[in-house]
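In the two complexes below, chain A is the common chain; its partner is chain B in one and chain C in the other.
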Partner chain A sequence: MAAEEEYLEAEENLEAIITRIEHKSRKIETLLKQSKPVDALKTALEGSALKTRDERCKSANWIVVHRAVMAIKDVDGMISSLDPEYYDILMKYLYRGLATGDRPTCDQCLRIHEKLTEKAGLGCILRSLSDTVNTV
Partner chain B sequence: MLTGTWQPVRINSLLPDSHFASSVYLRPSLFQIASPLHSTSVPPSSRSPRLNWSEQIDTGSSVVNLLSISKDSTMANTIRLYLTCIRNTLEAAMCLQNFPCQEVERHNKPEVELNTSPELIMNPDLICRNEAEKCLIETPINSIRISMKVKQADELENILAKKFLRFLSMRAEAFQVLRRKPVQGYDISFLITNYHCEEMHKHKLIDFIVQFMEDIDKEISELKLSVNTRGRLVATEFLKQFI
Partner chain C sequence: MAAVAVHQFAECITCHAWSPDQSMVAFCPNNSEVHIYKLFGEKWEKMHVLSKHDQIVCGIDWSLKSNKLVTVSHDRNSYVWSQEGTEWVPTLVILRLNRAALCVQWSPKENKFAVGSGAKSICICYYEQENNWWVSKLIRKKHESSVTNVAWHPDNILLATTSTDGKCRVFSTYIKGVDSKESESSSSDLKFGEQIAQLDLSVTWAFGVRWSPSGSILAYAGHNSMIHFIDDVKSNPSAQSIPLRDLPLRDLLFLSDRVVVGVGFDCNPMIFTADDTGLWSFTKFLDQRKAAPSSSRGSQLSEAFGKLYGTSKQVPSNDTVEPSKPRGGAHENCITCIVPLWKRGNTTLCRFSTSGLDGKVVIWELDIPK
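Entry: the complex of A and B
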């Protein structure tokens, strides 16, 4: 019973999540136009629905995060101004970016990955590997 | 494991004319890569200019030699980043422990090959440098499988890579950590189990893998160069009779 209820709740929430993501993407576009890539990335990362299993939500969120990540020019500054709680989420998105195989995405993700590992350590990588509950 | 004596090996002869068939002489210590991982030093001896892996492992050199890979600094930078990423991921992922098989009693199998229990397997990591090159790292509890796809720019490199890597895979016993058949969709695979981690230094295993990735590109470029040189020589000789 509990599982069913959870499932129904999840169904309703999907629409809410997707609307939230669209709202987020509009905010990010405005931030990018104002040349604030760091804030855009922060907006993209917070409120990412990690517990959901729905592929559409994840892809939608990924597109938004991808847009913000590609706009980053100053990697060091970005990482130092990011809250530590977002390191894990960012690392998971970086691995998703590296899996795409698209050259500019991979270049950017590799650059950020190196700096993020220096800052956050190997534990961050290990958490992104072993966490099967909260996935991006 | 082969020791001591020179072993000439013909790994490819792409031209039909056997006069110009080439052979690559592999240094026997290629097959002794496992021993440098145990011991601290291997005495250097006369080596072939092509493959001197045990020397590389010996010095524990881990950083990519930028100059030898590419003159283009951005390309060298990308490969450095790519190898750094792989190195960091491997360092994080290579925490293996003994885990007897859950399905069959008294058996101890690398869980990555079985793929039966999802709770034992972590998320697989795919790290792509570009469309052609990628590296898949799968880590369950007692083993780690690293599959690589090597850059192959044209048909010739395709053939050379396939032959060369098949040559290495056939001699997987000597490497210990190599898998006999690559995973579907990749060119070569390594399988490292907890036993390997117990016997060998973890950082040296990682150095070996990263060095391998670096050297593979170099080797294939060198092979391609030698094939082209031979082809040119053959053509010159052959066409001389018509002058």
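Entry: the complex of A and C
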């Protein structure tokens, strides 16, 4: 019974999450048009629902983050202006990007991975690999 | 402020312990024996080899007041060794385990010792005078996986454990007849095996649990490169989790209520300090590396990731990246064990020793302010 309740509660929340992601997506498009890729990435990473198990939510969020990631030209600048609390989340998304196998995505993700590792250290990679609860 | 002495004893050391006067060290060189070495002037000499176990000895503890050695091994047995003349005499302690024992620690009063095991249980062993043997009582409940480390609270009754299920638990090990009733704060929790608290801060394996000298703070490390500090576990727990920049820790040691040393896969002890408000943070690495000149961590990492990044800078095309390059520090491989070295008369701890997979035992000394 408890599992079912949890499921129903999650269902309602899912709709809320999807709506939030769509909202984020529009905001990001605006920011990108204004040539603010760093802010776009921050918006994309903010409020990511990491605890949900629903694949649609995760994919939707990934598409949004992917869009922002691909628009980054100045990686060094982006990393230095990013809040340390987002390092772990960004690293998780980078690995998701690397897993796609798509050449441009992988190139970009690898570029950012190098700089992020220099900034955040190996601990960041460890946390993104070992965290099975908050997944992207 | 750094390594005072470095001793290479073997190819790999599983765990170690010092004698009460710190003249002898007992360690397991990654086999089923325990070697005891004594320092004569400048040279170490092998004094004894204790070989009763059949498999790796994974835990050794030397009691400081009663001068007894306790060893536990993957062979599910434990021996208490007492020195009679020049010989060490073993006493088998039947732990009643069906999986390997993983760690051991004498209680502060040295009348009990706790053993963590892969059988998801803890054994609390105490000495029964009438029958002249050590009895083991098991705490079988609660743990969902192997118990990696155990730590006694200064009150000799509470025991904290970390496990590969990621949780840190605190149990009461009150035994009638062994523990007297004088120092109890809440008598209802005193039943043997009663779980006082369960902390679920780490999603990954947990290691290296320790209590602060006053018993008010609990710290443990998670395998996801995090360290957790919990204040006031019994009544109102408040936790701080600090993500580490580098590789995970395997063991911890409280030097005072405000200073913690963590050791692990970075091969370099890390110091954490708490400020006046009780907020913990990483302070520094202890070991001053004789690092390569202009390169910082950046080049070390890009060398390791050289092949991955493709357009690497100075990696020649025909070589493979050496995994075990000496990095110029005291330890060359993972540090797995840290042991305090109390100086007589001192109330604050400033000396400790570490041992690791590189077979070295390194003694460190630190100036603690205040």
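We take it that the second predicted complex is superposed on the first by the 132 of 136 C-alpha atoms of A that agree within 3 Å, B and C clash if a C-alpha of one lies under 4 Å from a C-alpha of the other, contacts with A are read in each partner's own complex, and residues count from 1 in each chain.
Going forward, a contact is a pair of C-beta atoms (placed from the backbone, for glycine too) under 8 Å apart; a residue touches a chain by one contact, two chains touch by 3 or more.
Keep in mind the model is a prediction, meaning the values are calculated, not measured.
Q: Have a look at where A:S59 lands relative to chain B and chain C in the superposition and call it first, second, both or neither.
A: After superposition on chain A, A:S59 lies in contact with neither partner.
Q: Go through the superposed model and pick first if A:L122 touches only chain B, second if only chain C, both, or neither.
A: both
Q: After superposition on the shared chain, which partner residues are touched by A:Y95: those of chain B (first), chain C (second), both, or neither?
A: first
Q: Identify the partner contact of A:Q34: answer first if only chain B is touched, second if only chain C is, both if each is, neither if none is.
A: A:Q34 contacts neither chain B nor chain C.
Q: Specify the partner with more touching residues on chain A, choosing between chain B and chain C.
A: Touching more of chain A: B.
Q: After lining up the shared chain so the two structures overlap, which partner does A:V133 touch, if you call chain B first and chain C second: first, second, both or neither?
A: In the superposed model, A:V133 contacts chain C only, not chain B.
Q: Going by the contact rule set out at the top, does A:L110 touch chain B (first), chain C (second), both, or neither?
A: both
Q: Would you tell me the residues on chain A in contact with chain B in one complex that are also in contact with chain C in the other?
A: 110, 114, 117, 122-123, 126, 130-132
Q: Going by the contact rule at the top, pick out the chain A residues touching chain C in the complex.
A: 88, 110, 114, 117-118, 120-124, 126-127, 130-134
Q: For chain B, which residues count as touching chain A in their complex?
A: Chain B reaches chain A through residues 78, 81-82, 84-85, 88-89, 91-93, 95, 118, 122-123, 125-131, 134, 139.
Q: Chain A touches which residues of chain C in the complex?
A: 203-204, 223-226, 243-248, 297-298, 301-302, 305, 308-310
Q: What residues on chain A touch chain B, complex-wise?
A: 95, 98-103, 106-107, 110-111, 113-114, 117, 122-123, 125-126, 128-132, 135
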